[in-house]
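I have placed the structure first, in the form of structure tokens, so that the comments after it can refer back to it.
Chain IDs A, B, C and D follow the sequence of writing; residue 1 opens each chain.
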Amino acid sequence: MTESPALNGSPIRTRATVIENRADGGGGFCLTLAVSGWPGALPGQFVMLSAGPRTAVERWDPLLPRPMAIYRGHQPGSAGESTEIQVLYKATGAGTRLLAEALPGQLVRVVGPLGVGFPSPSSGQRVCLVGGGTGTASLYEWAVRCARKQPVSVLLGARRAQELIGLEDFEALDVDLRCATEDGSLGTAGRVTALLEPLLADVKPEEMSLYVCGPTPMMRACSERASRAGIRCIVSLENNMACGFGVCLGCAVPLTEGGFSLVCKAGPIYDAREVDWAGLP
Amino acid sequence: MTESPALNGSPIRTRATVIENRADGGGGFCLTLAVSGWPGALPGQFVMLSAGPRTAVERWDPLLPRPMAIYRGHQPGSAGESTEIQVLYKATGAGTRLLAEALPGQLVRVVGPLGVGFPSPSSGQRVCLVGGGTGTASLYEWAVRCARKQPVSVLLGARRAQELIGLEDFEALDVDLRCATEDGSLGTAGRVTALLEPLLADVKPEEMSLYVCGPTPMMRACSERASRAGIRCIVSLENNMACGFGVCLGCAVPLTEGGFSLVCKAGPIYDAREVDWAGLP
Amino acid sequence: MIQAVDTSVEFAGIPLRNPVLTASGTFGYGTEFAPFLDLRRIGGFVGKSLTLEPRFGNPPPRIAETPSGMLNAISIENIGVDAFLNEALPALPDGVVVIASCFGTDPEDYARLAQRLSDSPRVAGVEINASCPHVKSGGIEFGQDPKLLGELVGRVRERVSGPLIVKLSPNVTRIAPMAEACQEAGADGVTLINTIQSMEVDVETRRPVLSNVLGGLSGPAIRPIALRMVWQASRAVDLPICGVGGITSAEDAIKFLLCGATAVQVGTTNYINPMAAGEIADGILQYAERHGVSRVTDLIGALEVNSPSAS
Amino acid sequence: MIQAVDTSVEFAGIPLRNPVLTASGTFGYGTEFAPFLDLRRIGGFVGKSLTLEPRFGNPPPRIAETPSGMLNAISIENIGVDAFLNEALPALPDGVVVIASCFGTDPEDYARLAQRLSDSPRVAGVEINASCPHVKSGGIEFGQDPKLLGELVGRVRERVSGPLIVKLSPNVTRIAPMAEACQEAGADGVTLINTIQSMEVDVETRRPVLSNVLGGLSGPAIRPIALRMVWQASRAVDLPICGVGGITSAEDAIKFLLCGATAVQVGTTNYINPMAAGEIADGILQYAERHGVSRVTDLIGALEVNSPSAS
């Protein structure tokens, strides 16, 4: 729903080969896939991944693919070669626990890239990225891009240190990185929203753009805080999805102006003011 | 339905660990499982195996377990240790193709041993075992037992040489082994029933017992041939099963005397004359 | 200190140590499960549907597998009421709650059968199977018309003083009038759902997979349909409800309790895991402990619904 | 030499290059599939159900996953007939067969809508959705009563001269009278089945998963039920039938043809594999080649049944 750069390419539907599926020790996994014909993607876009690797015969339980942010792999592949793309996920429900069993060489179904990319900040603005839980995965490539042009703060939150996914990758970037864990095992003890306070303390609206991805309550809290400070706040929503490309109408988010928007197609990126937060489950 | 020796032990329900799952190159697999608390089994008994290895979350498609003859593993395990049992199967439908993917260390669900064992031949009789396709698996342990006491002929049939499952094991036994393949790639060209003719040529009814396991048309043919020769013919039926222990009533076989018998409980072993072959699909 | 959870419920006047029963036709006559499960771990079981005379079923194939489900067309094969009373019941250990299921082709059959069963001190209650979808006459006709069903239940009620439960068919446009008819005719509880009429075809032989052509669908595939019907029935009647259909886990069972069921029945899952009913009973206890629920009865109908107008 | 197979069929007077359509609500307005599938590879598609005015649906969550199935309670969110005629249709490439689906709250709505759609030269036929299970008024009421359905179809028939198809609800006791009512009222074909009314519950929040409480079940789980209803309907009427429900493969599609369907619709599977409908069309051709079937129409109703008395 935000003004976003055009797609790099049209989405594809293919079977991708698992290259690696690395557990990070905290319940998180980094899945590397070889995708042939990958058209490239914009930071903020996602793929639909089958709930687990392909088996000798199709199994219809669980039925639906799972939306997953593209963590890395935003360049289109060169013709005839396959490109590596990565997703970060946490083994929680049925789909991700089955995915966690995928072995190198197995196949997963992929449809993507889907959705729109993040809209650019104004030049000279500080860019503040706030990631909670697996939401962090959506922000990494965006942090890389923004850091080339302007000052970037990255605020990451999780329950405990081990659950801060992708931490080393963010540490390797030239950004102002701050962490919060609920149990205090790394960085500030508490929620990531608390890290936002000092940054917003005396910032002027035109000086900062906020990008947030994480659990709905966290995005809602950031959105409210940003709104009070008059700062533009961009969120990446995680509604349930069946198709990912705008045909099931399952992913609708209610809008403040009334009506709904399809998160998979007009989103997942929204200006926080567009979203009717009270109408989200 | 035949007079059969009593069960070695009561069936158990457990998760067994895959030790090995070896492809024989012809579409057949030999699956070795470690089962703790295994009570032992009689030749002719079977287990119900889950359609494929256990995954991180239960998947209900495919839903039903698959009946599989116990190829090896008729001794009860010693307390506290796990016993190895083996099944031979061919990857054909959904269940067996998923089973073919099982890796060492994975778990499969097992219920068994189920059904009754083969009834003994009269002493001094020649024992003739006829196996077609995967039906051969039911006969191996019975061949071993019978060969200790009396002369044994084993007739095995398949489409082609590579599909003769368990062949080396039978070759290692002190039995009169004859093979038939439909494409003539090993032994006599044609069906296994053709091998039966010379054996039945001038045998007297009391001199031989026939034990047959394989596709229904083959068992029916053997049954008719034996009946003409007046020879006792024991068959091991392969009806579809849901439970394997007598509660779904799904495995019923029509009887010549009228009514039905439960293959999983009263069978899978029947005197061929008891079976109403016309009523079998 | 964890306070002990009270798992007991009363269904149709039958006190149960926990709400987990097993479904008719999926638990034999009980003894088949002895190697796998202490029957006293579960609330009780419903036996295979009985007829006045022993009865054979359909020729094979009688079962087929479908996505997350199975079809069956057994057609009420059973040992008959005499063998049930004289052989099956005495073989069961004490303390096992037995509900007997009856099937007939006319109301008089049902009534005579139910009376005989109900008269046995070993039978805690009688469940009328008015819903078998693949028997050529009987069962389903009653199960698809509230007026016929009410008459059937009324006839049986006259002869049965003990707990009388009616098992409903899901093959109806609206489930509420069926439950209401049972309530008005004096039933003590309703069980739902029976299997859903279905079909499977073999594209190689170009024939139906089942000899009977049509069969009943059961298993996890039907759970969302069963759950909906239990919720609709529980809003329509005051009768206690027993929820059946695709239950595989304690969580599944709890969904039915939340939707208004007083007890549940585990069916097809017994085939896949003969220990399932016991594990589900244990799992409900653990859920209650984890969530600080002191009485399982507190879960019954405890679903929070924002828009109670939806139906 | 393999003889070319004739895959064409005629459904409700609409010539189709092959019997594979896609189902309303699962294929958007067609263009969404352009990246994945040449729409001319399939027989055609049925668009999302339209109303006279654009319409918003239910608040989230609108979907849930169930064993081999999914629930939805979208509630006929659509762009409205004007945008469909003026924007969606012109965006489609030539040679794509489009069937438009109509939804209304009273017969006059349906009739006006159907007429406008039918008048468009780009619309090959009109499908009346008289069976949406989770819209508070409309749809399902017509879909559950043969008399109301007949009246509705009659009203629409008066205003529509082109192909008129009626989509039936599975939430009925008997499907045959529904199909008969359509035939008598002058429909050219029937499509079945729509989703089955269902429910799912979250045991942690103790709430229904869907904001609407109830939703419609679709996907492989319902295929055996759909197949049964297609078979029953095909024995009751002479109208051509379009089979829908849980089709994932060419073999599934062929099961419906054997049971009497002239064409099929692929629904939920489009979400999981947006190329599925094309693959299914190809697979039917391969099946025909493998089995020496020279015309796909030879498969229609070709099921061999031993006991035609079963029903």
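As a working rule, contacts are C-beta pairs under 8 Å (C-beta built on N, C-alpha and C of every residue); 3 or more make two chains touch, one makes a residue touch a chain.
On a predicted model such as this, the values are computed, not experimentally measured, just so you know.
Counting hops only between chains that touch, chain C reaches chain D in a minimum of 1.
Common neighbours of chain A and chain C, by the contact definition above: B, D. Using the average of C-alpha coordinates as each chain's centre, A ends up farthest from chain B.
Distance from the chain B centre to the chain D centre is 46 Å, each centre being the mean of its Cα atoms. Computed from the mean C-alpha positions, the centre of chain A lies at a distance of 35 Å from the centre of chain D.
Rounded to whole angstrom, the centroid-to-centroid distance between chain A and chain B, based on C-alpha atoms, equals 53 Å. In chain A, the residues touching two or more other chains are 60-62, 94. The set of chain C residues touching two or more other chains comprises 66-69, 211, 219-221.
Under the stated contact rule, the graph of chain-to-chain touches is complete, every pair of chains being in contact. Those residues of chain C whose C-beta lies close enough to touch chain B in the complex are 25-28, 32-33, 35-36, 48, 56-57, 59-70, 72, 74, 77, 211, 219-221, 248-249, 268, 270-275. On the chain C side of its complex with chain D, the touching residues are 66-69, 71, 136, 144, 171-174, 196-201, 203, 205-208, 211-214, 217, 219-225, 227-228, 231, 246, 251, 254-255, 258-259, 287, 302-307, 310-311.
Residue ranges of chain B in contact with chain D, taken from their complex: 60-61. By the touch criterion stated above, chain A contacts chain D in their complex at residues 10-13, 50, 58, 60-65, 94, 109, 111, 239-254, 258-260, 279-281.
Across the complex, chain A is touched by residues 52, 55-57, 59-62, 91, 94, 97-98, 100-101 of chain B.
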